[in-house]
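When the chains are written out, they are named A, B and C in that same order, and each has its own residue count from 1.
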Amino acid sequence: MRLVRSEHTAGWAFILPAVVLIVAFGLVPIVWALLLSFQSSDFVSPPKWVGLANYQALRHDPDFRAAIVRTLEYTAIFVPVVVLGGLGVAVLLNAKVRFISIYRTAFFVPVACSTVATAIIFNWLLEPTFGLVNWVLGWFSLGPYGFFQDPNQALFSVVLMTSWGWIGFNAIIYLAALQGIPGELLEAAEIDGASRFVTFWRVVWPLLGPATLLLVVWSSINALQVFDEIYVSTRGGPLQATTVVVYYLYEQAFRFFAAGYGAAIAYVLFVAILLLTLLQLWIGRRRVHYTS
Amino acid sequence: MAAVTFNRVTKVFDGKVVAVDGLDHTVEDGEFMVVVGPSGCGKTTALRMVAGLEKPTSGTIEIGGRVVNDLSPKARDIAMVFQNYALYPHMTVEQNIAFGLKRHGFPRREIADRVREVSKMLDLHDLLRRKPAQLSGGQRQRVAMGRAIARDPQVFLLDEPLSNLDAKLRAQLRGDLKRLHQEVRTTSIYVTHDQVEAMTLGERIAVMNRGRLQQVGTPREVYARPANLFVAGFIGSPPMNLVAGRVADGVLNLDGSPVGAARVAGGCAEPVLGLRPEALRIGREASSSPALRCVVDVVEPMGHEVIIHGRIGSDADTELVARLDAHDEPRPGEVLELTFESKDLHLFDPASGERLRS
Amino acid sequence: MSEHTVQVPVAEAGVEGVWRRFVPSPRHALLLPLALVMLTPLAWMLMTSIQTPDEAMHFPPVLPSGIHWQNYTDALHAAPFGRFFFNTALVTGACVLGNLLLCSLAGYAFARLRFFGRDVVFVVILATLMVPFQVVMIPTFIIMKDLGLIDSLGALIVPNLVTPFGIFLMRQFFRTLPIDLEEAARIDGCSRLGTLFRVVLPLSGPALATLAVITFLYSWNDFLWPLIVIQSDSHMTLQLGLSTFQGAHATNWTLLMAGNVMAVLPMLLAFLLAQRQFVNSIAAVGVKG
């Protein structure tokens, strides 16, 4: 009995610091935020209980609705671009060619560039008058484009900016997955008479299923939460063209000091992310084959 | 069904590594040819070149009389059984077998027929709906074979298919393979590093070393008349005893003891002499057969026979292995008179390693 | 033999060569331009940072004629990048160490010890992973305000000293180690803590490295939380300081790029020096997912 009791003590002693921190900065805020969402607060005066008023307001808030649409548009473009882009890059990088490690570095290094720094660079690259991109596009008789300054192009420009680092990130994961596929399987397929297309579609792609599911879920979650780059480049504009949900949240909570409203937005976002993730996992579980 | 011919085939990797060197060989139509040799001898590379997975650096490969160097694996009508089975993990057994058939354009009805036939042949019926992860090693190998058989190709290529299985399964599947070959009679090239497998399975054996073909023949031939030192030492277990011989005064001597007339050595002054452990016997009455005095060091009882490790020669420093009858009950420390028949003595040129004609 | 050896291009032979089917050869024809495009943003940032303002604002763009170090000195005068760097290093260092220690402790307990409520607590901890940061940030801000920690580095460090993901990572790793070693240590008289530090952690290099890299990346590049909680220049992290700097000098591109280079350089260098570790860590996390 003494041994058992000491194991209880040891166990709890080991986890206590972590548990305290996670309760204090995880669980408590999660519950608090829920409560806050039913209150009206400006961070200073005592909060007032308003029941579902915040959520009702959100339902009828045209700016919030617009933010949702923006976020979904962004996600719908971002996810395929970075997942398929990452796959393409990984296939290209899956070789033992000379200089391959240099090529890999070139594609991976953007991952180390922070969101803020990336936004500043792209502000400059996509500058309508002096930017490099418009100059290059000019060679092909394209543009010049307004990019971040054109309400119709701003969101796409954000995708361009954020996918620069994310394609590399996804490529790292896809590359690891590709290298996990035994070359013998591809040889067996070649001998079985499968063309390149059939081999990729019927053998490689299914075996990449787990990685694809992970990246789709991860990229979606990330897309729904996009903020940093938008703050640094467009500040939600021009004309709210890039005001996504988290940006709207930030404005409401920390510009207009509507803490309760902000908490409600956060919870809506949470539920949305949860539902989307569950949906994707459900679809994925049924169609993805796990090899171990 | 078709013959496979290698015409002076060479394969060099990276401009430096010669994996296969001037291979010139024909596998006859319907034959079960085993290519055997140590790791790195080029046997797998040769197999992969027939498959179309590697391209010869020079020379041509023919299947059924057609030069296939530039043909894709699909166009060659071959099937392969891999060492690690290479079953598609996300497909069921049935889908695995059907995959290649679909790619080669067989109609659905025929694919179903073939799958059924093959599962009957290899007892796969209960496994058809399962995925490879749910199968044992032996079952996976049978599925891999089934996949190849269902295609009914001109040539079967087998790359050490049994080496990942335990001894009992290996023996069992060896038997299955032989039986299947007798039924189906497709030209087969089987690669292995295990000479026991080679001897038991092959209608003919091709021994390779360092990219070069050493000898081709039936198991009997390769065993009884090895063409060079390498083959002599590689085939047979325990390996052939190889000792230095000397010709002096018209007599061939093995470590001091006369073992035959000098002319047997075909002009070579210091031939290498080979004696298989099973060729040695304990000498009874005084006979004309040459005899060796052997000091027994280690005795390994094998039940029906005994393997002894001992030393012979005037200095008792040349090692020898012999397989003796269990009834002789040799003991460590004993000194035995071992005899052999002159026809069992192999002679090789020490410089070239080639067998000496007598 | 050498007479009839044909000169063949260095082909990708063997089993790995089978992947070449999917990419038209030569691969370089595709890889090179794409790689250059990928590197262009960083290259252009670098080039602009050493140009004079006139050169930079020249259209069509021109290459720099020399190295105009003035941009860098100006940037350093305009904003305390050294301070930003120091703050970030302090915060990140504390978070990395905190995570390494606390996640190892907790992860080990969840992996090997049996105690009341273990599984429930573990599940609850994991469940918090599902909740996005945006939910907890408002209440956490209020907590920091009430604790008087607004605008201090403490506010950046304390909430990030341990993460549920880190605990999960270490637990999963510990479970893959053979338990014999730990049992032998216990028999030898080692305490549980001692076993963890003397036997288990020395074997946990890869997992610890992965945790360190992931925490480092996350902490160093964190922006939203510092944005909310830090107000004065002297406490800003590199990302926040950079953003404020950008706000103040939005169209002074040469100045901006010089600041950007300084801000990005530490992480870039770390990545280039330890690329293999970074890449392996990210890939490892992908496998766990």
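Here is the rule we go by: a contact is a pair of C-beta atoms (placed from the backbone, for glycine too) under 8 Å apart; a residue touches a chain by one contact, two chains touch by 3 or more.
Not measured: the values here are computed from a predicted model.
Counting C-beta pairs in contact, the chain pair with the highest total is A-C. Seen from the Cα centre of chain C, the chain whose own Cα centre is farthest off is B.
Averaging C-alpha coordinates per chain places the centre of chain A 16 Å away from that of chain C.
Chain centres here are Cα averages; for chain A and chain B they lie 57 Å apart.
Among the residues of chain C, those in touch with two or more other chains are 10, 14, 18. Multi-chain contact residues of chain B (touching two or more other chains) are listed as 53. Across the assembly, chain A contributes residues 182, 184, 187, 190 that each touch 2 or more other chains.
Within the complex, the chain A residues that touch chain B are 182, 184-185, 187-194, 198, 202-203, 206-207, 209, 289, 291-292. Chain contact summary for the complex, chain C toward chain A: residues 10, 12, 14-16, 18-23, 27-28, 30-32, 34-36, 38-42, 44-45, 48, 56-61, 102-103, 105-106, 108-110, 113-116, 118, 121, 124-125, 128, 130-143, 145, 158-159, 161-162, 164, 167, 192-193, 217, 220-221, 223-224, 227-228, 238-240, 242-243, 246, 253, 256-257, 260, 263-264, 267-268, 270-272, 275, 278-279, 282-283, 286-287, 289. On chain A, the positions that touch chain C within their shared complex are 7-12, 14-15, 17-19, 21-22, 24-30, 32-33, 36, 43, 89, 91-99, 102-118, 120-125, 127, 129-130, 132, 135, 164, 168-169, 172-173, 175-178, 182-184, 186-187, 190, 196, 199-200, 204, 211, 214-215, 218, 221, 225, 227-228, 231-232, 246, 249-250, 253-254, 259, 262-263, 266-267, 269-270, 273-274, 277. Across the complex, chain B meets chain A through its residues 51-53, 72-74, 78-80, 82, 84, 86-90, 99-100, 103-104, 131, 133, 147, 151.
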